[in-house]
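Quick one: this structure, given as structure tokens, is what I'll be asking you about.
Each chain carries a letter (A, B, C, D, E and F) given by its place in the written order, and its residues are counted from 1.
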Amino acid sequence: MLLPVSTWPDIEAWLKKSRTIVIPIGSMEQHGPNGFIGTDAICPEVIAHQAERLAPDEMLVGPTFAVGCAQHHLGFPGTITLRPSTMIAAMADWTESLMRHGFERIYWLNGHGGNVATIDAAFAEIHAHRSFDPRGADNRPGLSLKRRNWWDFVSVMNLCNQLYPTGHGSHATASEVSVTYHAYPDRARPEVQMSPKIAPTGTISDAVSYRRDFPDGRIGSDPTQSNADDGARIVAVAAEAVLEEVRRFAA
Amino acid sequence: MLLPVSTWPDIEAWLKKSRTIVIPIGSMEQHGPNGFIGTDAICPEVIAHQAERLAPDEMLVGPTFAVGCAQHHLGFPGTITLRPSTMIAAMADWTESLMRHGFERIYWLNGHGGNVATIDAAFAEIHAHRSFDPRGADNRPGLSLKRRNWWDFVSVMNLCNQLYPTGHGSHATASEVSVTYHAYPDRARPEVQMSPKIAPTGTISDAVSYRRDFPDGRIGSDPTQSNADDGARIVAVAAEAVLEEVRRFAA
Amino acid sequence: MLLPVSTWPDIEAWLKKSRTIVIPIGSMEQHGPNGFIGTDAICPEVIAHQAERLAPDEMLVGPTFAVGCAQHHLGFPGTITLRPSTMIAAMADWTESLMRHGFERIYWLNGHGGNVATIDAAFAEIHAHRSFDPRGADNRPGLSLKRRNWWDFVSVMNLCNQLYPTGHGSHATASEVSVTYHAYPDRARPEVQMSPKIAPTGTISDAVSYRRDFPDGRIGSDPTQSNADDGARIVAVAAEAVLEEVRRFAA
Amino acid sequence: MLLPVSTWPDIEAWLKKSRTIVIPIGSMEQHGPNGFIGTDAICPEVIAHQAERLAPDEMLVGPTFAVGCAQHHLGFPGTITLRPSTMIAAMADWTESLMRHGFERIYWLNGHGGNVATIDAAFAEIHAHRSFDPRGADNRPGLSLKRRNWWDFVSVMNLCNQLYPTGHGSHATASEVSVTYHAYPDRARPEVQMSPKIAPTGTISDAVSYRRDFPDGRIGSDPTQSNADDGARIVAVAAEAVLEEVRRFAA
Amino acid sequence: MLLPVSTWPDIEAWLKKSRTIVIPIGSMEQHGPNGFIGTDAICPEVIAHQAERLAPDEMLVGPTFAVGCAQHHLGFPGTITLRPSTMIAAMADWTESLMRHGFERIYWLNGHGGNVATIDAAFAEIHAHRSFDPRGADNRPGLSLKRRNWWDFVSVMNLCNQLYPTGHGSHATASEVSVTYHAYPDRARPEVQMSPKIAPTGTISDAVSYRRDFPDGRIGSDPTQSNADDGARIVAVAAEAVLEEVRRFAA
Amino acid sequence: MLLPVSTWPDIEAWLKKSRTIVIPIGSMEQHGPNGFIGTDAICPEVIAHQAERLAPDEMLVGPTFAVGCAQHHLGFPGTITLRPSTMIAAMADWTESLMRHGFERIYWLNGHGGNVATIDAAFAEIHAHRSFDPRGADNRPGLSLKRRNWWDFVSVMNLCNQLYPTGHGSHATASEVSVTYHAYPDRARPEVQMSPKIAPTGTISDAVSYRRDFPDGRIGSDPTQSNADDGARIVAVAAEAVLEEVRRFAA
């Protein structure tokens, strides 16, 4: 079930059998010369929606949290970021809203490495709010919060390595661009050339040093290899992994 | 141009000719027995995207701000709300990010009456932040922030009144449900019955009184009249109105 | 009863018969060449105090919330504004304090159009805080928050239209200046001339554009018509309307 | 000049000769069986306004900051408090607004001992905001913030000791009640009896212990001695002291 | 017992007999030509630890809150300050954490005059948070928060006056420098000369005026008199006073 | 140089040759039956101070940020945590203070895995604050923020693996307890027995589940192996690694 295109009686019925919901969470940031700015939001959304299609009775997918922490990409036009403190507040509000309805297990399917720190900090903030409540956390129904980066599943990593033995990279990766081309084939940019073919690697700091060190936005990748067919394969593998993990998480 | 499926060089090119961007802004809240929880996010998104199709060189549409202020709907499962203070912070971060790239005119196409107060408060917060800067607002490039509720265009109102002379209503309206059925025809719920046929009207306060006064979530509407064809007509009229207004706003 | 000049045993006694309080809420901002900076705080205060005189046993009036949201007037010396986020926090603190004593119905008599958005956002923030409480809003005594702009009563509008068939305007209006001249007759400025006699109209944005578009601060008004006698009549009509509405609100 | 009943051209003219403004700052809290809840806001307001009458060309008095920090009085109905963090934010907003117009010296005439900590913390917050600005505080016009408790002037203390050799007290004092009776003679409560005649003394902590230790709200005082004539004398002496100090502060 | 070098079973055992903890709280700020930047954190820490040595079964000392409010010293390199709002939040978090374990009495041994306002504001913030809880503060175990400046004990003042009849001063005092030399004898700076021998006195405002008025950082002091032996005597007297007061506070 | 026991002229001199400072950052949380609550603050402090002794002219060590993010340990008495949002604010204040003096490179030597997310989020918050400044980050001196977990150096990991081939663990590790025993040999607890000898492993969530899953606080470790001699060796290796990295970072 997809929450945004469901009705409230649908969710009421869902809550009679499950306390679990999946939230795709991404970012709105540059992804190199041929990658979409929305890549990190599109990937977890597409994968979660595909997992839902595999087992609509076992997966409830909420709206996509589409703008995350991307300060380091602000040197490239189009990037939009939340401050981490804003993102923590927003994630807390989503969680509080869901808890009010009875949800107790929230699985955040993450599409952006730069979100990891703030997502984990948000979890600690939410739990601390409960711990500081004078009645004590022990007396209330539990709350489980889990983050999963979609690219961290072993099956996904194996496929990506197989598809892109060189130039997979760590930002604007060949795999994530493929996933978005699968999702929006009409928007693919096969004509874009890049130089060097494989982007440099290095460490990330703030927006100014990022643009200086990675002038076209890519890190270590050659996304000219990306294509919709690869994307379809990656989505299929990732969706199965997500479904399997959500089943365990919900149990 | 749609920002989430564009590249950063695309946006860099856009900024050479325009300082304007359109942001659909909605809510994630119950919309009665046959309306989608995402209705208020879907409507402005669909309309903005249609306007972009009419004139891709004149419209840049950003990501949809999909979760807004919906405290009063929290009595119905599936509703997700931001606190107004969180929404103000998030809108400020989006605006600051866009300003850094050179955007100076942001047009928020709103899909939710309950967002109006907080959007306008956010505008005042953003402007106050600039006013309080010791260098003074006068010395910097201007910033124009505009909110438009998509249903407020005269042409849209006329069409809705013509399509639904009775039972258009003020929440879970016949027109907004039609727009979402046009966007997601496979998700339409023609089988859902409602009683009374036209929902009661009244004033909105908090979540508890809302659920008491409007037990199935609708206010004054009969959305069993809704259908995808009507939705297509409404979207067409609204998209033209948006395009025309954005042209004037950008000038 | 007026809370600031009452004792705590007075309020203790009041709470045995009523859970309602009226809070005048205004702004501290320019009101054109002959209007007081405190106009928007003075008007609701004077009207509420007059209503209290009509029925001291039925009206408890709290302190005036005198500084509101006036960023757009910062281009004129003397204007003081809160950021909307600060105003939300302050209104929440007032409300929490009053709730602790047992108040459950707070009627905010508003004197400033620019406050409307933030007052309504504050209501949503306060209700959201209650909704997010894990015990749930349903288990606690209700809280009713109501905003009323004093100029929106039909009887008041009719009188203003009759007194000022032209040049009533929308900022620094003839009627509000009259109310303040009634309250502070020694401070009236009958000698001030204005040109043009009726100020231009237009839309409001931030402080910089406001001063550019409305160079003496007025919008659409000719407050040289204002006088204390008119003010007395307006106050009388508005006070009756407030009293009647508060009686219904408290019931 | 009193800002709330002045026009913006008045303030524009003032700023050509002075950068100084006086802000009365008080509290809304219980003041024993015969003291007004607004006592701490009324006292500095009355004194500042009297000082202004003595030398209207040398004193600009802004609106009264009427609700302060009074958590410890919340055990008594009618008390309204800001959280200190809210009060800091509001004082910062007032200061930023005034600085935008060119004010550089703000004299806060305080009426409440419980405000002292938060006022001083607000000063540090405001200064820190300037220090953290990357351009450095040194490059900008100075900002002087001063707090004065009206009862701390030697001339005022001497008069109070002379008027009330016993039972002056430290909360709901004989002197402050007299000042308010002078301001609102019709509201005086000569009929109220108290037992014990002189209230107990002790240390203040939170609301719960305060009500337990000081059951009628007074600390160490016998305000049955209070009367309007005494109040007039106190106001006269305090107003002269304020005027003299403001002259030095503005120099 | 010293919490940072104790185990959790130690604290669990402590809580079976006591609900009290002592927190040294200081600042990280310039202390003149021969004083350490950490002086205000070192002094209360050394004194509290000495008190603990006198009666380890009666004193539990927590970690030192080492960075406080020192905006006014930012003109001197090495000074680190929290904004007051941050310090309030941090003190609230420490308090909430301790309350969760069952602590009900927190004694803050303060080493910095510039912390006084913010510590007291933090107490009000913490108590207000409890007062605003809808269940009401009365229904929960009490919370006592106490601040003590170590130099305010009569026995300490007497000793300091005896040791330094002239040039004790009010910042970078002879006594506090002696205490730190006692704590870190190898770091003492007997070779540093100062001119004038006794620093000027005056009032403190922000960082810019402080550096202008007190060019080497001292106020009214001659800390060339400071030495480790004096420090040992001061610590001994202060530790006894703290121990005695904590015994009463815990009772 | 150690900032807390240096004078401001010392720091002024330092800044003439370097823009770099090292900040040990830890936590105050349970560390099993024989580990100190302050372990995570003590370890980076001891290591940084040892590195400073190796090359006092090349290392400036600031005060230890001793209380971090430890919500998940709140089930054990003595643990103190900041909410992540508070920790972000505090780290920002430290950074802003240091930047005002001219520091441009801050090296945070971290002692707590649970701090990683919030430290990295704080970096993004600080950088975003600069990015959002209307003058643009490019026009100002750079700011480099680096986090290093002391246990992540290869040389340290190798030594730990050699010392504790089994039972090193991931919380209350054998190595960190040894470091603290080296620092505070008199506080060591060789007598404490544990059962099971090697604690269970698993995933961490909130405080309630942590205490349920790891009943004595340890994860995967056998710290009965810990001793001061091992600690001395670990500190020596870690200090060299820190010194070498700080030299590169400062270059």
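Rule of thumb we're sticking to: contacts are C-beta pairs under 8 Å (C-beta built on N, C-alpha and C of every residue); 3 or more make two chains touch, one makes a residue touch a chain.
Remember, it's a predicted structure, so these values are computed and weren't measured experimentally.
The set of chains touching subunit B and also touching subunit C is given as A, D. The set of chains touching subunit E and also touching subunit F is given as A, D. Legend: contact pairs of B-C compared by residue number with A-B, E-F or A-F; the interface matching in over half of them is A-F.
Subunit C and subunit E touch with mostly distinct residues; of the residue numbers seen at this interface, under half occur in both copies. We define each chain's centre as the mean of its Cα atoms; on that basis subunit B and subunit E are separated by 53 Å.
Rounded to whole angstrom, the centroid-to-centroid distance between subunit D and subunit E, based on C-alpha atoms, equals 30 Å.
Each chain gets one centre point, the mean of its Cα atoms, and the points for subunit D and subunit F are 46 Å apart. Counting partner chains per residue, subunit F shows two or more touched chains at residues 74, 81, 83, 85, 89, 93, 97, 100, 128, 130-131.
Pairwise chain contacts in this structure: A-B, A-C, A-E, A-F, B-C, B-D, B-F, C-D, C-E, D-E, D-F, E-F.
Subunit C meets subunit A in the complex at residues 128, 131-132, 134, 136.
By the touch rule above, subunit E contacts subunit F in their complex via residues 3-12, 14-15, 28, 30-38, 41-42, 62-64, 66-67, 74, 76-83, 85-86, 89-90, 93-94, 97-98, 100-102, 180, 184, 187, 189, 192, 217. The part of subunit B that touches subunit C in the complex is made up of residues 69, 71-72, 74, 81, 83-85, 88-89, 114, 116-122, 124-125, 127-131, 137-138, 142-145, 205-209.
Of all the residues in subunit B, the ones that touch subunit F in their complex are 93, 96-97, 99-100, 130, 133, 140.
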